[in-house]
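Two complexes come next, and they have one chain in common, chain A, joined by chain B in the first and chain C in the second.
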Partner chain A sequence: MTEKLVVTNKGFVRADFSFWVGLYMDKFYDSFENKKIIGNKCSKCGKVFVPPRKKCGKCNETIPLDNNWVNLPNTGTLLNYTITHYKVSDRAARKAKKPQIIGMVQIDGSDTAIVYRLLNIDIENVKIGMKLKIEWEEKPKGNPADIKGFVQV
Partner chain B sequence: MGRQVAIVSAGFSEHASKRSDVNIAELVSEAVEDCLKKAPSVSFEDIDAFATGNMPGFEGSNLPELWMADWMGARNKPLMRVTTGGTTGGSVGIAGYYTVTAGLPGIDTVLAIAFEQQSQGDTSVGLANVAYGEVSLLNYLGLTYDQVGRLLSAGAAIGVAAYQATNYMHKTKIVEEDLARVVVQNRRNAAKTWWAHLKMPNLTIEQVLDTPYISFPLRYGMVCPASDGACAVLFTTEEKAKNMCDIPVYVNGVASVAHETAILGYSASGSAQIDPSEQLGAMKTSEICYQQAGISFPRKEIDYAEVYSPFPNQELMWVEKLGLFEETTAPEMYKNGVTALNGELPICCSGGVNSTNAIGASALERPAVAALQIMGKASNQVPKTVHTAIGHGWGGSLNLCTMMVMSDEPQRKWR
Partner chain C sequence: MDKVGIVGFYQVKLYSDANYGRYEMIFEAVRGAIDSAGLKKKDITTAISCTNDYYDGRTISNCYTVEVGGGYMADESKVEMDGAHAVLYGLMRILSGNHKLSLVWGGSMASCFPYHAARLYETDPTWERPVAYVNDITAAGFQMRAYLEKYGVSIEDIAKIAVKNRKNASRNPLALQEAQNANITVKDVLDSEIYADPVTELMVAQPCDGVAALLLAPEKQALKITDNPVWITGVGYNQETYYLGDRDLTKSMSMELAGKMAFDAAGIKDPKKEIDLAEFFEAYAHEEVIFSEALGLVDMGEGTNLNSEIDGDIPINPSGGAIGGNPPCGTGLIRIIEAAKQLKGEADGYQVKDAKKAIASGQIGMCAQNNIVYILEGGN
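Moving on to the complex of A and B:
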């Protein structure tokens, strides 16, 4: 009854957000332009972070911006994965032609993992612990999308 | 009765309009590092719990405190977020105070951290969540947010402050020059504060009056900037404080009072209070604080004050409402230099919110600066000895006032 009496008045507020990643991540993305992965190392516990960070959360140690950088290879190990039959980064939730694999990959020489798509791997063949390699965009722009995904070594 | 609480250190990040060299977490870690640097005997292991907060919905990242626990040193430790709009910082400070005074087992030392990186977000959208004074009125009338600007006021908080300003000016019979004088004092003080945002050592009243109006009588040169910055304050018990710093600053009174009449007066107010410069909530806040701290004559007993004044008329209004000066006499005090750095009762020597406004952090920066003035470690230190100081916050849905009374003596007279 009462619902019919409610007057709906629609209004819109536009929201523009921009995010600063900071100087550490800046350096990380800059290295993407040369198709290189870098991490940084806590001088106390020796853990290597990819992506790099200013603070080691475990030691509360500040990692200086100017040193403690570590050059890392383009290869890594698959720590775990998930398979989706829908298009990733598509809000319409449309079915993908082929199931897609998204995995957590530990870059060799680092102690953390990054999440990316696995390319050209059949779902029957995906296996935790498999060796992977970065597939770079042909013309990297210095942003996260420069890494297309990981392929099997 | 709770335990006596003391502040042993306070730290800041550098404030600017765009701190694009850091992300939110790194900005916060700067303030934490500065805070611990001032108390060299304190390490992260000594901190038992954390209180933190920023404006709700700002920066476009919700629950940022969960993201940055590692950056604050809060890994595996109790962490509580408080967010009350403009008074967020004040509420975070009070949360730190409560956590210590409660006497929970194993929790003696608490780090309170408040921050804001306004350049990341859309401030108006953030303000639409909390700080439009008219929100309650809009809800009452069933109007939408996009009509707020046309309907009642221009430019969020400025629109509200403009009504406060005109009412206050009418009551005290002052002119725009008196408002500009407050701005000049603040911006010149800010020039001597390392972390402040708008540093203008040579600003003159004429220059302020030469800027265009945003909302009469507030001109562009009179309103606060939008800053990126963070602040951290370390609270602990009376016993531990003595080993952590030379001059512990004892927190002797805290209060947070909401009063509906602070909301833009006319129709939303149930008590038919129509003067937005009346600020009964602020009067109640200070009354509670002074009672706790055993202060009978605030004008005589308080040596330093940091009030939350994004707009100059508010600074005049607050110092009166908080009992520091008689009603309508504040403009005269600014004119005579009573409130200057070397005056009898210096006010906002950090430059105040008028010069630096990282909203979520602003209300914590007030008690932080006041505490440092007592310790003698403030960036723009007053020449006289400060025994008792106050730090005040304003915001919420424009209805909330927070306040903290600090002293170099722990004794509460009313005990």
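Moving on to the complex of A and C:
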């Protein structure tokens, strides 16, 4: 196709969406307000999930809302990482100022990993297996952004 | 399972910016598929499409593709996954015994929206989306690193896969021009822009514009339409859990289980010996390696050592694969068409010798959370 024939139309409709976080995630975010992280445990296989959930898929076991909560520390281990110059939410606008290191971190005492930025760590010093801890927002609001990222212990 | 015949197909040329409307593109593909079988629109008894509301910029996006997509006043439905999943829907309609000819088409125009940013809409809206660290590309960065670390494989070995597919694409006239490169080197791939380390730009199957269509018919009907159909003799599909942090990213459980199901249906005992070629929807170069291992075409951790060139031990993506062009919702369907071309001996310029049995696969989700596998056989 050669010359530009088609006039594009932005065609935006403003129709915002609100999500209910659900009862399990509500408890999870409540704990963020106290700078604490919690998980929940499958009674069958003993796996501890972060974020918490209603079902263990492997066991097809329902995890009750009122039980099986596990208090977890602010520390964890780096399982995996990637480095990107891009803002994930805005790739079309191209690059962020500095490459960010995004890590998969297993909180100690849990069996899953969560994805957050690594802060104040130079790229050459990132190592799988390194010990990390959560850097909380000073005044947490009870949402995922309360965890600013992870710093080296 | 009863075998089902592929009796016609058509794919439009892939463009990074096709600069013509999606409806014209859909019509070209659907008309082309019907013509390739020497049939008429009225012969279609069920029309299945694959598009995505977000990618099409409108809800229930098939409401507007009725006429061009062969669905006017017809039995019509849509799958919002990969085109290869729409083929499953079309296949099931045939196997129900109620339909004689099933039209399946899929595709979209990635030039109209920021594809990778849109993939953020796939993430958990109450947990991952607000902080925005996960999309298809960062997920791929995690998976590639996990694989390299586990098996001590080098980045160069993964780059070689991208080189092979881009060279193969240069022999496929319908591939995306930007992906066609007969002279590409490993260094070119490694020197291309870092998307999410260790994944570089040229390891990514670039989202583009394109539509493809195919026709399915039950055995008896297929033999009436053509004396050279390609048979679908097995299909398998599988889905694993959503959160990346719950999964072992060094392998693809869903591909392994989908493969088992498809091999069982087709009576394949030893895929290494029995499969002549594979067309995978590899959204990233490393996925091709992980899929080959999951399907038992090569031992675990050995995927980069497989000679998968067109004249190799098991040719993989002789057409260039998804790296040769990745129109969202069309890519997996194109893999099936490309495998069918090989079995019919119509892959002019990239034909695999003596191709009798092939694998074609589609996928959807972060790190190919969901995989679907077809076994195709040539001859009647």
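By our rule, the second predicted complex is superposed on the first by the 129 of 153 C-alpha atoms of A that agree within 3 Å, B and C clash if a C-alpha of one lies under 4 Å from a C-alpha of the other, contacts with A are read in each partner's own complex, and residues count from 1 in each chain.
Keep in mind that, in the parts below, a residue touches a chain if its C-beta (ideal position, glycine included) is under 8 Å from a C-beta of that chain, and two chains touch if they have at least 3 such contacts.
No experiment lies behind these values; they were computed from the predicted model shown.
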item	value
Contacts of A:44 with chain B and chain C, given as first, second, both or neither	neither
First, second, both or neither for A:19, with chain B first and chain C second	both
Chain B versus chain C as contact partner of A:112, first or second or both or neither	second
Partner chain in contact with A:55 - chain B first, chain C second, else both or neither	first
Partner chain in contact with A:82 - chain B first, chain C second, else both or neither	second
Comparing the two partners chain B and chain C, which touches a greater set of residues in chain A	C
Interface residues of chain A shared between complexes with chain B and chain C	11, 17, 19-22, 25, 57
Residue ranges of chain A touching chain B (in the complex, touch as defined)	7, 9-25, 54-58, 60, 62
Of all residues in chain C, those that touch chain A in their complex	15, 17-21, 57, 112, 114, 116-117, 120, 125-128, 130-135, 137-138, 141-142, 145-146, 149, 194-199, 241, 243-246, 249
Chain B to chain A touching residues, read off their complex	18-23, 25-26, 29, 33, 44, 59-61, 69-71, 73, 75, 117, 119-122, 124-125, 128, 142-147
Chain A residues within the chain C interface of the complex	1, 4-6, 8, 11, 17, 19-22, 25, 49-51, 57, 79-92, 99, 102, 104, 106, 112-117, 128, 143-145, 147
